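Okay, got some structures for you below.
There are two complexes below, and they share chain A, which is joined by chain B in the first and by chain C in the second.
Then we have the complex of A and B:
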C-alpha cells in the first residue's frame, strides 16, 4: 500500500495504491491522520483518489469510517473518487456508499470540494 | 454430522406479521399468472421456484442450534426462544418415559439466549438430565433469576429434571458428548464464548454475539485459527459493516463482510449468516445473502467459500 498526496486548491488529494487489509490498515491510518487534522470548516477538503486501490478489507473500511467521522466533527468535507469496480462493490455491500460522497473522477471531486458553499441570505 | 437451526434471530424474537404474509401471497399470486397449477405436483414445483423470501421465511425465534451425530446424543447451542420447539420435538420423539441427557453450550447469558429455557419441556420431565456448559461464572445465577418471581411462575427449584452447570474455560478444549469442544472468548458486553466442535473429521464453529476488530492482527489471526478448515462457521452477521463500525460500534455484533474475510483467512468451507437483525424482513435478509455471495465471489483467492443464511428449520449436512 502506498499513499501519495497532492494539493489542488483547497483540496488535498490523497491517492492510495495497492491493498488495504488487516495487515496494513494501521499504517494507512498513520499516513492519513496528519491530513485529517486540516480537514475542517474553512480548512482543506480531502479527496481519496482510489483509482489505484485494488482491494480494501473491513480493517481498511474502519479507517475510512474514522476519517469520515473526524472530518464531519470538524466541519470538513471528505470524499472518495475514481473507485475501481471491485472496491465500489465492496463499498456498496458494506453500505459505505451511504457514508461517503462518491465521485466518478478526482477532478469532479476536487471541483466540488473547492466550490464555496452557498451562503444563506440575510 | 448435521446442524439443525431452531432459532436464528438476534436480540429479540421477530414473529412474521399478517402484513408480511400478505406481501408474500401477493408476490406468489402475481408470479402464478398464466401458470397452470392443476395438480399438487405442479403447485409444489411452482412453489419450489419462487424466491425463498416469497415461499418461506427466515423465521423469528432467537438463537438455538442443534448439533446432531445420532438421535440419542443431544447437543445444542444456546437456549433462545427456538428451544421451545426443540424441546417439543424431543418430547414428541422420545416421549416422557425415556430419560434423555441434554448438553447445552451457552454463548452468553443475555435474554435472547436464555429465554427459551422456561418453556423447554425436557426440564419439566423427571429423569431427564440437562447439563448447561459455559464460560461465564454466573451461569447458574442467570438461569435461576429468570425463573424467579415475579418473572416466571415456576421456580427453578421446582423443575423436576436434573439440571447441572458445567464451567468451561476459554481456550481449554474438553471432550464432551463425543465431541472435542474448544471455547473461545469473544468481544461482547459481558463477554461471550464461541465454540468449535470436532468429531470424526468434521468441524462446526458456533460464533455468535461477537464483535470483531479486524485491524487487530493478533485478534484476527486468533479467529482465523479458531475457524481453521471448518466445514461450517455459524457467524453473527447482524449488521452492515458501516453500522457495525459507526452507530452500532461496541454493540457486540458483526457483519457479513467480516464473516467472509475471517472464513477466507481460515480456509473454512461454508459460512452461515446468523443472528439476524430483528428489524430486517425476509426480502432484506435474502438481499444480504445475495450480496454476501457476490462479495465472496469478487474477493475469492483460493477455494470457494459457500455462503448460506440460517433460517428456523434449516438442516445442514456436513
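Then we have the complex of A and C:
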C-alpha cells in the first residue's frame, strides 16, 4: 500500500495504491489522519483516487467508514473516484455509496469539491 | 504487549561503587608506604638501572686495592701499620688529588704495640705521620649502638635555607661511631662516613650527610672531594620540606629530603682498580694516580662482604664510593624529587577514576585496550623520566594498583552482566507464565464464544423439514464472526451470518452484543427481516465508540411454504444451491450495521424448492489468500459447490469447501475469521 498526496485547489487528492487489508489498515489510517484534520467546512475536501487500489478488506472498509464519519462530523467533504471493478463491487455490497460521493474520474471529483465547498456536510 | 524484559538493563552504580572502593583502598595503601609497595617501587627503580646503566665518561677516582695479589705478597690482613704507611706514602708520591682510606683501625697495631692498653706503637705513629703528610681522609662507621666513639672531629657544616636543628632529625641517625685510634684519627685531614642503608642487601643510595649525636658528618666520597678541593666546609642547602643538595665548594649534589643521593651505577669496571702491590713496587703508571681521588680499600675476596647494587650482584665497597664520585664529576645524578610521591598518587587517583567510570560504559575489548594503553603510557613516562632527566618515578605501584582496579571493575561488570542475564531469565519465565495465563483466559473466552453459537444438532434433531450445518474458524482464539439459527415460531427458522470489522477480542465482544441484539429483534419481529435488521441496527449503533461495524445477512424461512425472506446489511449475498445450479440472492441490501444510527433496511423474498440449500458465508472464505497472496475468490467457491451431488448434506457441503480451501493452500486462511452456514429445506412433508 502506497499513498500519494496532491493538492488541487481546495481538494487534497490522495492516491491509494496496492491493497488495504488487515495488515496495513492501521498504517493507512495513520497516513490519512493528518489530511482528515483539514477536511472541514471551511477547509479542504478529500478525493480518494482509487484507480490503483487493487483490493480492500473489511478492515480497510472500517477505516473508510471512520474517515467518512469524521469528515461528516467536521462538515468536510470526502469523495472517492476511479474505483476498479473489484473495489467497486465491495463498495456496492457494503453500500458505501451511502456515505461517500462517488465519481468516475478524479477530475470530476476535484471539480465537484471545488465548485460548492460551502454546501458540504449540510 | 510490551515485554517487561526490555526494561532490564545492566546497572552501573554497583560497578562504580566496587571500583571506587578498591581505588580508595589502594590510594590509602599507596599513601602509607607499605613494605609491599616499597618493594615494588624499588624493583622498578632497580629495573631502570639494569636497563640503562650509566656509561663511564671520566675517571676521577681510582681504587688502590688490597687485593688477593697484595695479600699473597705481603701476608695476611691486617697488615702492619708500617706497611700501610709505606703504601700511603707511595700513593702520595704519585701526587693524587686526595687519598681516602676506606678502612677502619679501631685498635692499635698488634704487630708491635700493646693491644690491651691501646697504646700507640711505633707502627701506628709511622702510619699517622703518613696520613698527615698525604692529607688522607679516614673512614668512620656509624653505629646505632650506644657507647662507642662519639662525634666531633668532623669538618664544619654550613646549612643554608633551614635550621640545622630542624634538618638533623631528617638525616640517618647514628648514636655513635666506630673510628680509628686517636693517634690515627687526629692525623687524618678529613673524616667521612662509610655507612649506607641496604635494607635488602642492595645499596641504591648513599646518605651524603648523617647525624652523629649532635654533629652532621659527610660521607667519605664527599669528604675526599672537600679535602682535594681544599674547601673548609661541607654545605647543606635545604628548604622547609627538607634537604635539596649536599656539597662543598662548587659541588652541589642533589639529594632527597633526607640527604640521600641515588647513585646511577655503571657496571663493575676493573679499570677503576690498581693493585696495592703494584703501587708498593712502583709498577703503576703514575698517570693512574696523579691528580686522582684515590680510595684505598680491601678487595681480597675472603676478607669482606661485598654489597650488591641494582646493577652489580656484588661490588667492593670502595667502588660504590668511586661510582658516587663519578656521578658527581659527570653531573649524572639520579633524583627522586619531593613531588614524585604526590605525582604518583595523583596519577593513580586520576587514571583509577577514569578506569572505574569508563569500564562499565565501554565494550570489554575497548576497556581492556584502553587499560593496556594507559598502563603502557605510565610505563613510558617512568622510563622517559629516568632516561632524559634521571628522575626516579615509581610508576610500578600505580600500574599494579590500576590493574587491580581494572580487574575489580571488570569482575564487577561480569557479575553485573550475570545478574542481568539471570534477571532476564526470570523475567522471561514470568512473561511466559503470563502469556500462558492470558492464553488460558483467551481459551476460556473461546469456549464462552463457542458456547454462544448454536449446535446444528439442536435444530435438526427436532426439525426434520430442514438440515443445517455451520462452521466458524476464528483467526485468533476468539473471533468477530457470528452465526445463529433458531426457531422463533413453530413453522419458521431464522438464521444469519455476520462479520464484525476487525478480529480478536474487541471484535468478539462486539460479536456477542450483535448476536444477542439480532436474536432479540428477531424474536420480536417474527419473519419481518427488514424490521429485524432496522431495529438491530439502531440498538447496536447506540453504543459504538470504536466505530466498529457489522456486515450481516439475515434469512427467515417459512418451513411450510418454503418462502425465504432475507435482508442484507453490507454482506456478501447468500448462494442458493438448487437443482438448476447456483443463484446469488443479491437484492434487498443496505449498509453494514452501525454505519448509520438509523437506516431502513429493505427485505426481499424468494421461494425455495424442496431440497434447495442456502449457503451463507463471510469474506474470510472468498478473501482467503495463498502464499502469493492470491484470493480464493467467489468463482472458486462456486466451482466447488457445482461439483457436489444434489443430495450432499449441509455438513458435507461445508466440509468440501474447507477441503478445497486447504487444497488452495490458504496459508493466510486464518488472517480473517471464516464462517459458513448452510441450510437446506426438505419441504413441508418432512414434518416430524
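The rule we apply is simple: the second predicted complex is superposed on the first by the 116 of 122 C-alpha atoms of A that agree within 3 Å, B and C clash if a C-alpha of one lies under 4 Å from a C-alpha of the other, contacts with A are read in each partner's own complex, and residues count from 1 in each chain.
Following the convention adopted for this analysis, a contact is a pair of C-beta atoms (placed from the backbone, for glycine too) under 8 Å apart; a residue touches a chain by one contact, two chains touch by 3 or more.
Predicted model, so just to flag it, every value in this text is computed and none were measured.
Undergrad: Using the superposition on chain A, tell me whether chain B and chain C clash or fit.
TA: On the superposed model, which is not a single observed complex, chain B and chain C clash.
Undergrad: Does chain B (first) or chain C (second) touch A:26, or do both, or does neither?
TA: first
Undergrad: Check the residue A:115 against both partner chains and state whether it touches chain B (first), chain C (second), both, or neither.
TA: After superposition on chain A, A:115 lies in contact with neither partner.
Undergrad: Per the contact definition in the header, classify A:98: touching chain B only (first), chain C only (second), both, or neither.
TA: So A:98 meets both chain B and chain C here.
Undergrad: With both structures fitted on chain A, tell me whether chain B or chain C touches more of chain A's residues.
TA: B
Undergrad: Touching A:65 in the superposition: chain B (first), chain C (second), both, neither?
TA: In the superposition, A:65 contacts both chain B and chain C.
Undergrad: Which listed stretch of chain C (62-70, 80-88, 170-178 or 584-592) steric-clashes with chain B in the superposition?
TA: For chain C, the listed stretch overlapping chain B after superposition is 584-592.
Undergrad: Chain A residues touched by both chain B and chain C?
TA: Looking at chain A, the two contact sets intersect at 22-23, 55, 57-59, 61-62, 65, 69, 93-96, 98-99.
Undergrad: Under the definition above, what is the set of chain A residues touching chain C in their complex?
TA: 21-23, 55, 57-59, 61-62, 65-66, 69, 93-96, 98-99
Undergrad: Name, in rising order, each residue of chain B that touches chain A in their complex.
TA: Against chain A, chain B makes touches at 212-217, 220, 240-243, 245-246, 255-258, 261, 291-292, 294-295, 298-299.
Undergrad: Can you name the residues of chain C that touch chain A in the complex?
TA: So the residues of chain C in touch with chain A come to 499, 501-503, 547-549, 551, 570-573, 589-592, 595-596, 619, 623, 631, 671-672.
Undergrad: Applying the document's contact rule, which stretches of chain A touch chain B when the two form their complex?
TA: The touching residues are 22-23, 25-26, 29, 55, 57-59, 61-63, 65, 69, 86, 89-90, 92-96, 98-99.
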